[in-house]
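What follows is a short report on a single structure.
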Amino acid sequence: MLSVFRSKPKFATVRPKAAKSINGKSRDLSDNLWTRCENCSALIYNKELSKNMYVCHKCGFHFRISAVQRLKYVVDEDSFRSVKPLVSKNPLNFPEYPEKIVQCQADTKLDDAILIGEARINGNAAVVGIIDFSFIGGSMGSVVGEQITRGFERGVVRNLPVIIISGGGGGARMQEGIFSLMQMAKTAQAVGKFRQSGLLYISVLTHPTMGGIYASFASLGDIILAEPQALIGFAGPRIVSETTRQKLPKDFQTSEYALQNGMIDTIVTRVEMKDLLGKLLSFHL
Amino acid sequence: MLSVFRSKPKFATVRPKAAKSINGKSRDLSDNLWTRCENCSALIYNKELSKNMYVCHKCGFHFRISAVQRLKYVVDEDSFRSVKPLVSKNPLNFPEYPEKIVQCQADTKLDDAILIGEARINGNAAVVGIIDFSFIGGSMGSVVGEQITRGFERGVVRNLPVIIISGGGGGARMQEGIFSLMQMAKTAQAVGKFRQSGLLYISVLTHPTMGGIYASFASLGDIILAEPQALIGFAGPRIVSETTRQKLPKDFQTSEYALQNGMIDTIVTRVEMKDLLGKLLSFHL
Amino acid sequence: MRTVFEWEQPLVELEEKIQELRNCIYDQEVDFSEELTELERKADKLRKSIYERLTPWQRVRMARHPDRPTTLDYIELVFDDFIELHGDRTFGDDKAVVGGIAIFDQEPVTVIGPQKGKDTKENIARNFGLPHPEGYRKALRLMKQAEHFRRPIITLIDVVGAYPGIEAEQRGQGLVIAECIEQMSFLKVPIICVITGEGGSGGALAIGVGDRILMLEHAWYSVISPEMCANILWKDVERASEAAELLKLTPTDLLKFEIIDDIITEPLGGAHRDYEGIGRQVKAFLRRYLSEIRKISVDQLVEQRLKRFRKIGQFQEKQLVEPKHVKLNSEVDDESGGNNE
Amino acid sequence: MRTVFEWEQPLVELEEKIQELRNCIYDQEVDFSEELTELERKADKLRKSIYERLTPWQRVRMARHPDRPTTLDYIELVFDDFIELHGDRTFGDDKAVVGGIAIFDQEPVTVIGPQKGKDTKENIARNFGLPHPEGYRKALRLMKQAEHFRRPIITLIDVVGAYPGIEAEQRGQGLVIAECIEQMSFLKVPIICVITGEGGSGGALAIGVGDRILMLEHAWYSVISPEMCANILWKDVERASEAAELLKLTPTDLLKFEIIDDIITEPLGGAHRDYEGIGRQVKAFLRRYLSEIRKISVDQLVEQRLKRFRKIGQFQEKQLVEPKHVKLNSEVDDESGGNNE
């Protein structure tokens, strides 16, 4: 999935190492005291970086973080309760898919590309789901589709708003073929049924939200927020540039581009995200 | 109202004489055997022109015609029954307005800028309203607004589809000030209530449909048809060119431009209009 | 530099004289208090006589005063915790229209309005507060969002008109205004519209279909701007002042015509002279009317809203003499209603 | 020149031989009838053995045959009195999508589908059948129109995907596909989707949410095209054939997975060999399934439509061992449903 994204240093094609490193407990970085900003190349003291939610204090670059990490920045301490975990099968008997799943589970400590449950945000209860890019590019197979769907169903049953923080790459999980495609329909319908309840759904787009995830639940939020400089779109920039043989605009498919083109409600830094989410929830009691 | 339109010969700023001439019984043309096409300058034998519904057989230019004339081309013979006529008052005590009304009534033989009633089109019953440009530019004062509104109400009561053929100039009747503006709300709401009945509303745009008429009922059709080369838009081309100081595109605000920009369903010549309307009505029984 | 209208000149001179005198009191130790009282009494009288007798054209110019509070000013003055939401979800985010969720008296409401700039730079960014179709589509989106979440809607109207530009026409300016008008009419939430400055034609009406329509003292609302009216009538923009008279565009006229429901009086000399003052006024009026319509069921609100506009118009049934001039076949009875005045 | 695939070569040669022999019969007065019968028997056998054993990749290529009937061909073959309606009412009229009202068995229906060109010129005008957002918005508008007038909807799907262009992204390609999917799911009218050629990813699904989903014999439907899949897996587009195998994109696979409801068999050798024949087939299938779902109330239809997609997915509940690797505080019971296979 990764290959469809531009390999601009800014978005850092997050080398697996870097991605892992941010997940609190991996080894690579704990040995080092400093991290180099992928955007402005500033050297940042790791403690500072962590304190600033992995946002470069110099240029505002948002490092990619794991779902678990993000959870900490978004929900009230000790408020998160996970739903029942689900694990993937191999509906197409796609070669090496089970091995890939096992590897990703080991690497990310997640069952699949989503972390979802109930939590409170500045005291306001909500269903909160977070896609993790490090798990097969945050792509949507049956598990992600089912968990998202159950999340919205849970919202209806428990009369809770839903917040989904997306950051899945190409969106589709190729290895599940048509089953992956159908999760777009399933989740979009879940949003539709949820919508009938009159409850609030906030979609938060982080880098990168593309393909089938963007073309289903992620762009159906009552309110759509985005982190700065996230890649947001349907077709990956490489495909667009190969198909059209045109030079892409400088800010093509960034959050800022989406805002200007009327596709999102507003851009919020990671540091301000929790408060804005809390306020929006409190406006929709 | 006229002055807001470009004075390109193609759209002919229809000199009052020409406009009158087309109204079956006026003297000016009956003395002559030939008319010069305002677009291609071809000389057309009047009988031919009339037989071809005042469409130039050479270039397809649609001459402006009166509401009464148009009625003949659109509804089944002897099928039209007019609603009760209404006449204008002078709510703002606008100077010379009553005199203007009287003059227009004398010139057009209409009570105001609209002819409306029930008719059949290839056997299909409908409420049919036609705006006449020759009556103060086909502008919408209280009478036009009320008649349009009653037309939609009649459609609901009698379970009939509604067809409104617009061809009003600037749309607003300045002399009725705020009362004219409010007819936009009144007629748009009439469409909205009609819509709730699930009946069909076809809006037909003829040259020119602009301003308050275009920005209310005329653009709210379930299906929107237009005659070729009609001027369709909100702000008049002169105002647009004066405000923006830009050269206007060649086909700016034509039917063809509106079609290309997704604003209308299709373009139909005057000669084919009746059959298409009949077919559309028969599809919505 | 502060904009001073010609009719304010005597007042401004007097005010400057008073200020000078005041400075003297501090500078020298002479007692001018009696002269000062007299001058201030005079100034008060002058102020009243000037601002209470403004001509319609003067009122139009007041509504356009460069220091007049803009929509965002009112949002700051009247509401708490505004969260601006952007975009029409189809084409763009029109900066000439602002909208979002705010708190009014502890309750969330949706606030929307065209936004003029305060200086040239901002005016260019905001296209002088002239919306494109995407601005109206944003407004409509936010209004439907408000309906979905059962929030009242407050529109703040200050717009000369929808932008008459090539791209605006291309993207369906007329069509989108019509859609706004129709859909706003049926929204199942309370709607209050406040014309704070200019109420220019369809561009204003597009967000002007409400349950209560209020108007500031020095605002205008008309089917056409006085200049354009003068241009059409006499091919002479200079005669806008006469056109303003003819158009009956002042709050007083419009209240008499039952087009608006109430007039929000402004601080003497205009809203721009006292932001806090006009903020309190607008807040008080909103509070009163919002609590009034909150008591009405939404179905009834919509019904009343439709009735309100349904009855606007002045005409008379024609005497049924033989309509010999048009060869129509016959007349049928008209069962439908309508306000035959 | 007719496109001949490499695996059709032996058949084409045989067919040419038969034609030669036929010509001989007319030219000379020799009796070849026995040889001819034998050859035709052989050709029939060959045809069957070729077309019934197509590999997935061959099927993809069949679906892309330049002579394959397009959406407008099917509209002409299957329906009467088609009136094409244009435009999305916001931005443009996308020629890569056609739609309108037509008569099917004396009843009006709304028909919509992406439209490829028949030659280079038309392909350029129709952007090779690759829709922009305005194409999907037009489709959605016409679908909502159909719902308003209670007309069934028939979508004919033949699209490699939504167009991956700069302007398409700018105008919200992803967002509009999501909106189509969501809103189509809740339309209160019967919907039949027929995948006539290519069913490429979200671009196909956007108009593919129906009550009955049918697929032509030589059509494919997948989350990703075989080429792109091969490109991602092995960085080698040439291995598309292998990818096509892996993706399980044939009607037979999809019927087994319960993604589609039925397969419309094509004339031997493909739809492009017999327009009338495939027209009759499609018509017969549409008639059967339309009359079937017309009997169901629209509320039930929507409910069934939602259920149909709700249950798609293969996963298992995880054994509840202590989830020590993620420090989550605890687990709550999951009341919600779902198809745990």
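The first chain written gets the first letter, and so on, giving A, B, C and D; residue counts start at 1 in each chain.
Throughout what follows, contacts are C-beta pairs under 8 Å (C-beta built on N, C-alpha and C of every residue); 3 or more make two chains touch, one makes a residue touch a chain.
Small disclaimer: the values here were computed from a predicted structure and weren't measured.
Here the chain-to-chain distance from subunit A to subunit C, counted in touching steps, is 1.
The chain pair A-D and the chain pair B-D differ in C-beta contact count, and the higher one is A-D. When chain centres are defined as mean Cα coordinates, B lies farthest from subunit A.
The distance from the centre of subunit A to the centre of subunit D, each centre being the mean of the chain's C-alpha atoms, comes to 31 Å.
Centroids of subunit C and subunit D (each the mean of its C-alpha atoms) stand 53 Å apart. Between the CA-based centres of subunit B and subunit D the separation comes to 43 Å, rounded to the whole angstrom. In subunit B, the residues that touch at least two other chains are 261-263. Among all residues of subunit C, those that touch two or more other chains are 89-91, 137, 171-172, 175. If the chains shown are joined wherever they touch, the resulting network has some other arrangement, not a path, ring, star or complete graph.
The complete set of chain-chain contacts reads A-C, A-D, B-C, B-D, C-D. Interface residues of subunit A, counted against subunit D in their complex, comprise 1, 3-4, 68, 78-92, 94-95, 109-111, 115, 117-118, 142-143, 145-146, 149-150, 153-154, 157, 172-174, 176-186, 188-189, 191-193, 210-212, 214-220, 232-236, 239-240, 243-244, 246, 248-249, 252-253, 257, 261-263.
Residues 89-91, 133, 137, 171-172, 175-176 of subunit D touch subunit C in their complex. On subunit D, the positions that touch subunit A within their shared complex are 162-166, 168-175, 177-179, 181-183, 185-186, 201-202, 205-206, 208-209, 221-224, 228-229, 231-233, 235, 246-249, 254, 257, 259, 306, 309-310, 312-318, 320, 323, 325-326, 328-341. Per the touch definition, subunit D reaches subunit B in the complex via residues 81, 83-93, 101, 103, 108, 134, 137-138, 145, 148-150. Contact residues on subunit B toward subunit D in their complex (touch as defined above): 195, 198, 200, 222-223, 259-266, 276, 279-280, 283-284.
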